[in-house]
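When the chains are written out, they are named A, B, C, D, E and F in that same order, and each has its own residue count from 1.
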């Protein structure tokens, strides 16, 4: 793999390093942050900027090596952008659910347990979405 | 008429008759007995046709090839010996049929009776005129089987069933020994043709295998002929209807052993071994049987033991290896057949008319039933060997020979014991006649009933008795020619000079028999006292021993089998793993070679090492808390992740893709199943078992790991893969060699593979289809989840995302499918991706919602997938090419440009459809029952509230 | 390329087409599905017979699937042995199918016929293929189909047994794959004939691996053939299966035996160094043990189906005693006995079913039950089946055993073999006599005959099976000659190798 | 037209995606892409009942802005993870009142919040009027809420009409 | 640390774990064991083509058709087939385990000994109309 | 130049994976484990991409793409299971 123009090579290297370090930081956050909700923030880095950088690097690199634009890496980021929030959301829901049911294994974080949005109404994890509200999606 | 046809008919007749009777089993008794009698009579006629030439010295024979590879030919031959026995079988058979016709009670299965009887007759005939020892074996075993049916005729009687089983066990078992012996004999003699074997006696006797063969054959003969200690089946065979007993124990079944001894006389007789064994066994049996007979009270039982004794006599005579003794044996066979059959029939008459066979309850019947009395008494006298009857002559001849033989170096042994035996037989014969017909009736009831039967019933015994008498009065005219010829056939040489007569002047034999008669009378006189003695003596009951051994064997074999064979998966797997591990070790030991090869290793990158750590750790975790099932699934998917990474790293992109997509589907499946399984079941295995399994597991791991290591560190030899690489593009029209192999070089494998998946889908469907009903249904209805549930079914973000994800994923699927032939991808992966895409819908929006929108029937998908794949394969036949021959072509359209169409693509479509169908079928079905279960649970909760 | 040249593929194509068609029509038009199934079986039989006629003169048909030359593509090899197995399978299939249809066993769940056809496809494929990995694939096809069939009708007993059956076979498949991996790594080929040639050039340093691979492969076949101590899975599986299915399964163990006979001489023959005749030291003892265990089971069995299942093990053992000799005579005898024992086992299962259907709640338990329709007729059938299974005259078992005894007599430890064969036969006779007299003679007068409305036609299938046994005995001359010829062909791998490897160059 | 293109935006996206994936720019590819882009939405139409109306220009602008925010926020959060000890960390639950009503819009909003590091949208209220967001470090929750609402929700209101 | 060592040891560990779990008494554990074993087996079969980095068997005009230029494609094809088949089998055995648990109420691998309703499975009314 | 960058990248990702593993085992909550798995998948994608760059092979892209999709599905399934027990209802 004979590197092409040195500047581009520099760029690619930088991107790779950036990506790597962000992935690392994400996972580090996963390790050190106090409770699940905080840790949840870590991986979003790894997904977004970390991988994003590496993918860009890859695009650039293949342009460098065999001079053609291999754009398809971007698809991966698209997918991740679509899916990452969902994963996070569901994991958070699991956390809330288990908090509510007092699972010993789910410690409460420094933020405490979330208060209900307003009197008489609870979060969807604990109370089935009401008829006709956006959250009620069965059978539409 | 030509011999072959005659012989064939002779053998075939009884079988045909049996078949006919069986087919007409609903017809009247007369029909059955008529057919049977007709067959026997016709057989006699045929035999008569043969008699002239045979006695004239000819040996009519015919042979048809049956199993050349085995030397088993359908050879039939009639020599004097065969002729005599055939005569007995058919003649007495005829009489027995007539007798049986009147004997059987109304409402009994006469069809079955006469069919079995004819079957038996055929088998016996086969034995005596078989010209090939293997053929003889066939008929030999047939007699055991058919006698099993006859003895067990009265199925409702326990003793009948036991007797039948015992007879089968003993004679059949002996038959097996005989099989061994005969095959050995044939191997030694170099032929299975009887005539040939008879000529090669010297070779046989010289062979080292002679003792083995002799032993096995004798075993066969002795069991059949109820020689001590195999005699015990015979008395119990008396549970059969009397006609059967009359047939089996006078002329046929038990005589088969004697016949075989006589038949093989030239081959086997003459050696120390032979004489020693056979004559001593015969002697013992004779004395023993006679002794026991003295103290029996059941009429038939007395006759049974007398039969044993008489057979002992015959066997002994044949065992002497003396020509004159053989002659005596031949003559006695005739006598015995006559008087024993007569006696059995008389016994049958007595039982029939008085309702009992217990000699202690009867007596003085001479007044009530004079004819029967006359018949039976004369027959008994012949059995006792009183002049002027046939029995006398043959006994004389026997006693005359005894001094010639020296057993165990004791010259007096044989004569003395023989005389003792003779004495006993006189004793029981006289007792039989006396206690039955003379003196005062002991009990009133049977006597009142007693009267002579109709002519039809006493005709047969009467005829036989007449025969027995004439054999004594005019032996030379009646029997001499036959006896001479037969003896010649037995000894395989011209018979010695002989003179059958009542009076040979005063000689040792005469004295001995006089002693015997006197002793017999004495025994009868003193019988009561002796009986008391006898009954006080502790005597083993053969039957109880037999049944006990059977029960014992059954109990313990059963125990052993149950202990080892209770269907326990753990045992099965343990056995399998242990065996396989042992074999691997053995292979390594014997095969030799080195563990580590010369191939240079690839230095591992950091991520590789980390990934490896992940895998090890995850595996350990899986094993460690395999009972926390949810966590285990997470660990499993870590392993899957690492494996796919490994594939991706080690330049196997297709595998990586496959692994990844299979992984997720598997996880979904497991999650669905886990929902209904206990989440964390209690511990089951005991500590020692765990250690044992652990040891086995570790050794297994080491072995397989070692194998992998040994394999990986060696350089590959020339592989057929080179061809695949070279021809992928040119011949297969694709650059992704793996895919080309899958859809072209080895498309046949892929065809099988998709079929496996399809079948799995069907099987799963069939399994789950029935879940709602039956026990499972009840359980599901009673099912309640063991975890708390969030009320929200369809989280909004998930649903919304799934709607955009579906088209995106489908597009990716299409992409992977289309490019599969040239780049990583292909029908299978595409199918899984698309399946996952739809499963996301199910996950997000629920089963009903998504299933309503489903536009494909999984079963049809599977079926059409297989059909498409098959059609692609068969298409090539149309072009005269072999099955699954692929073709591809490059087209170019304006604007669109150059593109390729390959038949492999069509095949891949089939793959796609089947896989997609199967996966959807499995998961949809499973989720569906899960859903039903959940519904059942909730509905129950509602009712509970 | 005339149509006749495609003969070898037909036995696989026919069921592979019939199955999906049956699947498509089954739900709506059951009758049509049954028709498809039957026609396909008949067609299979016809194809198999045609194939047999074709190869009877000793020609070996090699059919390159996809027209890729021999070692590189997959080749089907049709020789006498393969043809014989095909005919056997088709015949058995017809009988089993007939019984299933007559007794309505196929009406419990509508997957019976598709699964049945797929099963046959797997069997035929396994008999025909000349490629080791392809053999694996067809093993899997017939296995997964057999799972489905074995569970057909379901019920707790079947489900429990099913779990064990499936798991054990999955382990077997894994071992198979490991063996395949090793063999490919060593020889670089998958074609049996080619492999047979290449094992000769394996370096001494690799001999250990070669032997291990061979042993693994053989042990897999042994597992399929239910040779002790790898037989534990069989009893319950067969005993609980729907009898029609069990009858078909009679040939499943024979697939293992077949593979053994096919692979060992072809691949691990004289030239195979450390792996030459690899099962030699173990096969005979194992076979004897299985024979003893099998007939001991027959002796103590408590139900007719259990007894039949044990009889299968016993017969396989007997058969392998002959095979273990690896001489043309003994192998020929073994092949003849193989055909016989397959049909005999099927007959046993079918008769057991016929009795069970008539005895209502008593099933086929070896305990006195009520009198029932056609008692003595069914009893006669059972007696004949038992005669066949134990190897008494006049049915073919007797000839088979005589052949084995005679051929084995020439081998070193013939004494043992003889002892085992004769003793086991003896035990078997007693066992069958006991069960038979308990079921068909003894009558529990307490209970009155439960008039089960069993169709009387269901004795047709067993009668056919027994008739075939009689025919096999009558035609023993031809059959044994064919078997011997097949054995000679199998034991002469070079001929087949040349026939295969010179096949169709594209 | 609507029957042929249930989701024109989606179709456009798919075509683009196809071109990107196959990554070459021949007409053949485009043709195939069009086939896919039209075919797939047609096939999947039943699974996406509603037809959200999206204004494309603001949407693209929005995407660009979010990307930029992501990059910036990433660095901020990275700094927090690396240098801020747990005791100084002020995580908080934010309850954000929603003006958006369509599920699509809410989803996009929540997604944006999650994507921009430092905040993760955890749940929606049963009545659908509130969003539960967790902030990694929000000394002043109200300010955070206001910022998020102003910066993203306002724009989304203009995109989904 | 070579890839060969990693691969071999990983296979060994997987087999060990698999065998151990397969010998346990619960269907679920057994299924897990089989899964582990199948991973090992697939890796083993794959390894029979030896380990090669960055030379996927994608034919290209530059390198031509020489085997040395690529990794051995055949084992990959075999493994792919094996994976598919194993997937089918695993799915089946999972459902079977579940089904027998539902039917008998116990997920222990060993049920009772040979039952006598072995005739038609009519013991339960599961007959499909 | 690029090699060193790649080396760093690999090292970083490897380390990240190790950390995920720690979290995976440590828990404490099930949610943590799922999260750890999710992150793991993403890091593995990163490794694959980097490997693609290092090997100069375009073929690793599909694997990464598929992982991205599949990792998501896995996470969702796990979460759904914990929330509802029945992942497809």
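One rule holds for everything that comes next: contacts are C-beta pairs under 8 Å (C-beta built on N, C-alpha and C of every residue); 3 or more make two chains touch, one makes a residue touch a chain.
The model shown is predicted, which means the values in this text are computed figures rather than measured ones.
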item	value
Co-neighbours of subunit F and subunit C - touch as defined	B, E
Centroid comparison with subunit F (C-alpha atoms), farthest chain	B
B-C or C-E, whichever has more C-beta pairs in contact	B-C
Chain nearest the overall Cα centroid	C
Inter-chain centre distance, subunit A versus subunit D - centres from mean C-alpha coordinates, in Å	13
Centroid spacing, where centroids are CA-atom means, of subunit B and subunit E in whole angstrom	38
Separation of mean Cα positions, subunit F and subunit E [Å, integer]	23
Multi-chain contact residues (two or more partners), subunit C	109, 133, 137, 140, 144, 147, 151-152, 154, 156, 160-161, 163-164, 167, 171, 178, 181-182, 184-185, 190, 235-236
Touching two or more other chains - residue numbers and ranges from subunit F	10-11, 13, 15, 17, 30, 34, 54-57, 59, 65, 69, 76, 80, 82-83
Multi-chain contact residues (two or more partners), subunit A	26, 28, 40, 42, 70, 72, 75, 78-79, 82-83, 85-86, 89-90, 92-93, 95, 97, 124-129, 134-135, 137
Those chain pairs that satisfy the touch definition	A-B, A-D, A-F, B-C, B-D, B-E, B-F, C-E, E-F
Subunit F-facing residues of subunit A, complex	1, 3, 6, 9-10, 12-14, 16-17, 19-21, 23-24, 26-28, 30-31, 36, 39-40, 42-43, 46-47, 50-51, 54-55, 57-58, 61-62, 65, 70, 72-73, 75-76, 79-80, 83, 86-87, 90-95, 97-98, 103, 105-107, 125
Subunit E-touching residues of subunit F, taken from the complex the two chains share	54-57, 59
List of subunit B residues in touch with subunit F within their complex	605-607, 609-611, 613-614, 617, 621, 630-631, 633-635, 637-638, 641, 644-645, 648-649, 651, 653, 656-657, 660-661, 663-664, 667-668, 671-672, 674-675, 785, 787, 789-790, 792-793, 798, 805, 809, 812, 816, 823-825, 829, 833, 836, 839-840, 842-844, 846-847, 923, 927, 930-931, 933-934
Partner subunit E, residues of subunit C touching it in the complex	103, 105, 107-110, 133, 137, 140, 144, 147, 151-164, 166-167, 170-171, 173-174, 177-178, 180-182, 184-185, 190, 235-236, 239-243, 302-303, 305-306, 352-353, 356-357, 363-365
Subunit A - residues contacting subunit B, complex	78-79, 82-83, 85-86, 89-90, 93, 97, 101, 124-129, 134-135, 137-139
